[in-house]
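Each of the next two complexes has chain A plus one other chain: chain B in the first, chain C in the second.
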Partner chain A sequence: MDWWVLLAIQIAIIVLAPFLAAILLGLDRIITARMQNRVGPPVLQVLYDFFKLIGKKPMLLNRPQVIFAVLYLMFVAFAFVLFVLGLDLIIIFFAAAAGSVFLAVGAFTVRSPYSHMGANRELLQIAAYEPVFLLALLLIGIQAGSFNVADLYAVGDLMILLPLVFVALIAVLVIKLQKSPYDVATAHQEIVSGPYIEYSGPYLAITKLGHWYEFALMLGVITLFFNSDNIVVSIIVKIALIAVAMLVVQVIDNVTARLTKERMLKFTATFGIIVIAANYAIIVVLQNVGVI
Partner chain B sequence: MNAGLLALLLVFLPVLMGLLSLAARKISVQKAVVGIMAITMVLLSLALFWEMYSTGADVLSFDADEILIAGVGIPISLLIAALDFALMAYFIFIGVQYRNTVVIIFGLLQLIPLGILEAMEFGHTVSPSIVIDYLAVIMALVISIVGSIIIVYALKYMDEDQRQARFFAVMTIFLGAMNGAVFSNNLLWLFFFWEVTTLCCFLLIRHERTKEANESALRALIYTLGGGVAFAFAIVLIFTQMETLSLEEVLVSGGIAAWAIAPVALMALAAFTKAAQVPFQSWLLGAMIAPTPVSALLHSSTMVKLGVYLLIRISPAIAWETSLMWLVASVGAISFLGTAILAVMQTNAKRVLAYSTIGNLGLIIMCVGINTSFAISAAIVLLIFHAVSKALLFMTVGVVKHEAQTLDIEEMENLRCKLPFVAGAMLIGIFTIMLPPFGMFAGKWLIVEAASSGFPIVILLLAIGSAVTALYYAKWMGRIMTVGATCDLPAAVKSKLSKIYKITLGALVACAIALSLLIFQVVQYLVNPYILSVFGETPLSDFEAVLPLIVMLVLFGGVVLLTMKFVKIRPDMVSTSYMGGENFEYKLAGAYYDKRVPDAGVTYIFNFVATIVVVAMLMVALLTEVI
Partner chain C sequence: MSIIEKSRLKSPWLLHFDTGSCNGCDIEILACLTPRFDIERFGILNKGNPKHADVLVVTGPVSKRAKERLKRLYEQMPEPKLVIAVGTCACTGGVFHNCYNIEQGIDKVIPVDVYVPGCAAKPEAIIDGVITALGKLQKLQEESHKKKGAK
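Let's look at the complex of A and B:
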């Protein structure tokens, strides 16, 4: 492939991915609605909301609030760019992690009780999912023998050897997507969308875009799990993996009620880490037996 | 100038200037002396680096046998031995003075083996006695530059103090002793300087002479003297088994001598006490009672850094025994995670910083345990950057204490308006300690190395610990930013900042930013030569590996500046925060992470686990020899 074709594809992915992620979230809303015997909004409602927000008059409480919203967007977008360029997975993780911390700091900068409550909870969420996410990425890297995303796409057997890591990533996805039972930070019935509450208009749109990039990055990590020489098979299975992950997240969202923050910490700290450790142990055993 | 002479100057100049300032009666003269010393130290350390760089050597060795005092040549070894005994005697005297048996016992436990050793080794010469390699240069730069900035800052901070002459004398001698320790190749010299830092630390913590200060000082003395005892026994073992007192020779011996592991484990133990690792952390927490410049000095460029310096220095010896590597890494990992969890529950800024220091040193020690060329590079990078950021943070906290009379993070709300310069410096301190490329740069290496070298438990503690660390720093950052749309404070609340504060904080901010932008050069010109001389390879030599991190830094700066410039606030754009339709006064929920889990309980658990690991380390050292 010519370099400029590759570059064009990469740029297209970087620009379009968040909107595709948003459409996926639109589908998610419809399916959730159907599960609850509702009709639900149109698929593109998420995007309509986004463009409407951009056109609104900017209202703000102070300037740092905006600075940190932009930082959040820039860092998660940068993480996604690094991912598309096929660079180091750990640096990508760090950039995205810094981004999510900025979101919480942004919520702290305003003097607002709900915003602060949300920011505190957001930080606890980060403490809950980040270790699991990092361990999952490390295990992927160790198994593939490289932390470069470009190399990882050349490895075929991740799903077969790391099924439990995939399970752990779904737990991370539940938190990242602010779904029950771990939507403690944005809990709309009690703290009215928490860290986002003091953002409005275009600034709220900025945080939304950031959120989509985060989501797109997660989906990117999921696509690492299956690779085949046959590009059609590869793409179909990748889409299937995303669909499975999303459906599981939805079912969990619909059958569970919100848990407390303590329960969330306990669950990810135990379940997430145990699942990954078990997967690690299985690999080590298999290696010692000589199967792989 | 000759590098050996520069090194000697870096040791003796601060000591002499310290004594000189003590002798000067007038405060203005003292201040001038201290100020001149600070500038000279910075220049001397830079000259030392330049000397190393221009000669192109990785290691420069010197013999310093005699010193001329009044025309009579006195062997330096003899002088140091005499001073060392005086020091031991003084420790025992302190023990008697405070009626503390433990101090007396620890004093005797150092005095006796050293007495025997001095008698045995009489006439034994160590050549070379001074070894300057890049690790020593890095340490000298950190000590001399960061240390001097802190001392200049203290000139203002201690302005109204009654005993400032003694204070500054001890502070400067401290720097001299630190430099002495990093240049010494003779283990007895190293030990002497090690114990001088113990004494300086004791005197500085005791400075205010209150009951609490005395108690904290004594606790620090007990812990670090205990480490000194381990060090003394290590030296005796080394001399009896290997018949050398040269650290260089010990490290290249390859650990084949009988009883080679035991002294290494003992030295590691000494380093743990100095670096306040769990379970020895309580002395550093107590040291908070000292004036803030003392905390800044202890936490950034001196004292605790000597502990991790020793570990990095003996890291080739730690690699002799795999289980030792494991146990050292575990102590670091336990300290990192334990202090991160404890820090979340604190609101006292100095206490948060103290826990964060222990945690950061834990990271460095983890690197030493992992012991690959990557990991040791990460250790040194962490050491440099931690010194700058931590000094900056302590100094800003000190200014806030002076200007706003609080050490409580919850009360730092609105700091962005009250003390904009200080708040900005504080933010830069926090950013550089946890965000790219500082924390991340070394952290990334560390994590990947730990993962690929197979330290699963360490990775687990590291992964949880770093997430929790982000939590408590983000909470702090948020609090100082919390503010309304504009800063319309009454003029009385706004305070004008002293020039000395502005200059010293500004200097450290400049250091922090320059170091992050030049991270690749720092690695290339300072860290790599040392790594090359130890491992024969340099892990990082292509710029591409650090490029994303530097882009992140630029991205960060760019976003902040551009948003400040382009986001305009007109009165009609300002909204009020959502209160759910109610109107009430509220205090921000800083106690969100309340103490449902008591500090003591968490401390107890981590102390317990760490104690087992430390005991295991000593047992391993013994058992490998016996079996």
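Let's look at the complex of A and C:
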């Protein structure tokens, strides 16, 4: 493939991915509605919300609030760009984590107690899922022998060897997508929308775009799990993996009520780490026996 | 019509404020959110936050205490915004008309776009009120385009 074709594809992915993520979130809202016996909004609803927010009159409380929202967007977008360029997974992880922290810092710059509560909970969420996410990426890297995303796409058997890591990533996805039972930061009926409460209009739209990039990055990590030489098979299985992960998250969202932040911390950290450790132990045993 | 103007009509987020209502109209508003009436099909979400909201849905006659709060909530909402008065009390003061502690309807405090009468207003009427308000917004947008064109 010519270098400019590859560059064009990469730029197209970087620009279009958040909007595809938004359409996926729209589908998510429809499926949630159907599970609750409702009709639900149109597929493009999330995009309508976004463009409406852009068109609203800007109202800001202080400048740092906006700066941190933009930093959040820049860091998660930067992480996604690194992912698309096929660079180091660990750098990607830290860039995305820094982005999430900036969101919490932005919420701390205003005086609203709900915003502070949301920011505290956002930091707790980061403390809950980041170690699990990092361990998952480490195990993927160890198994593939490289942390470069470009190399990882050349490895075929990650799903067969690391099924439990995939399960742990679903626990991370539940928190990242702000779904029950661990949507403690944005808890709608409880602290209205937590860290987002004091953002309005176009500034809220910036945080939304950041959230889509974060989501797109998570989906990117999920697509690492299956690769095949046949590109059609590869794409179909990748889409199937995303669909399975999203459906599981939706079912979990619809059958659970919100739990406390302490429960989130205990469950996600212990469950995630135990599951990933078990996966690694099984691989080591199988390698010693000589099966793989 | 630009994509932003189209999106405005597709995604009205509600803020519900009770200025001293008997809770009759409030229950009907909450009924709109249930699967039976499912207002999310119009893109409507109940936000509970003035900074995210586009439509202020007010129930109840405005008591002297609630007056300031209503004003502040209205001012915290970014433009463009719509106000819907739900129920007879919100429209005119209803049975509380001329009470010593009541302003006569919310249009004495903030500008109102759509009045939804009824005691209590039916969920169908409330949904119709929101859609009517969006129709009004669409008309305003078209008129502003015509004005720009005339210039």
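To be clear about the criterion, the second predicted complex is superposed on the first by the 292 of 292 C-alpha atoms of A that agree within 3 Å, B and C clash if a C-alpha of one lies under 4 Å from a C-alpha of the other, contacts with A are read in each partner's own complex, and residues count from 1 in each chain.
Keep in mind that, in the parts below, a residue touches a chain if its C-beta (ideal position, glycine included) is under 8 Å from a C-beta of that chain, and two chains touch if they have at least 3 such contacts.
The structure presented is a predicted model; accordingly, all values stated were derived computationally and were not measured.
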Side-by-side fit of chain B and chain C on chain A, or clash: fit
Residue contacts on chain A - larger count, chain B or chain C: B
Touching partner for A:P42 - first (chain B), second (chain C), both, neither: second
First, second, both or neither for A:I142, with chain B first and chain C second: first
Chain B versus chain C as contact partner of A:I170, first or second or both or neither: neither
Partner chain(s) touched by A:L87 [first = chain B, second = chain C, both, neither]: first
Partner chain(s) touched by A:A33 [first = chain B, second = chain C, both, neither]: second
Touched partner set for A:E198, first chain B, second chain C, both or neither: both
First (chain B), second (chain C), both or neither touched by A:L259: neither
Which of chain B and chain C A:P58 touches, first, second, both or neither: both
CA minimum distance (chain B, chain C), superposed complexes, angstrom: 6
Chain B/chain C common contact set on chain A: 57-59, 192, 197-198, 200
Contacting residues of chain C [partner chain A, same complex]: 3-8, 10-11, 13, 35, 38, 40-43, 47-49, 51-52, 54, 78-80
Chain C partner contacts - residues on chain A that touch it in the complex: 29, 33, 36-42, 45, 47-52, 54-59, 188-189, 192-193, 196-201, 204
Chain B residues within the chain A interface of the complex: 413, 416, 435-436, 440, 443-444, 447-448, 451-452, 456, 459-460, 463-464, 466-468, 470-471, 474-475, 477-479, 481-486, 545, 548-549, 551-552, 555-556, 559-560, 563-564, 567, 569, 573-580, 586, 588-589, 592-593
Parts of chain A lying in touch with chain B, wherever the complex brings them together: 57-64, 66-67, 70-71, 74-75, 78, 82, 87-88, 90-91, 94-95, 97-98, 101, 104-105, 107-117, 119-120, 123-124, 126-127, 130-131, 134-135, 138, 141-142, 147, 192, 197-198, 200, 269, 273, 277, 280
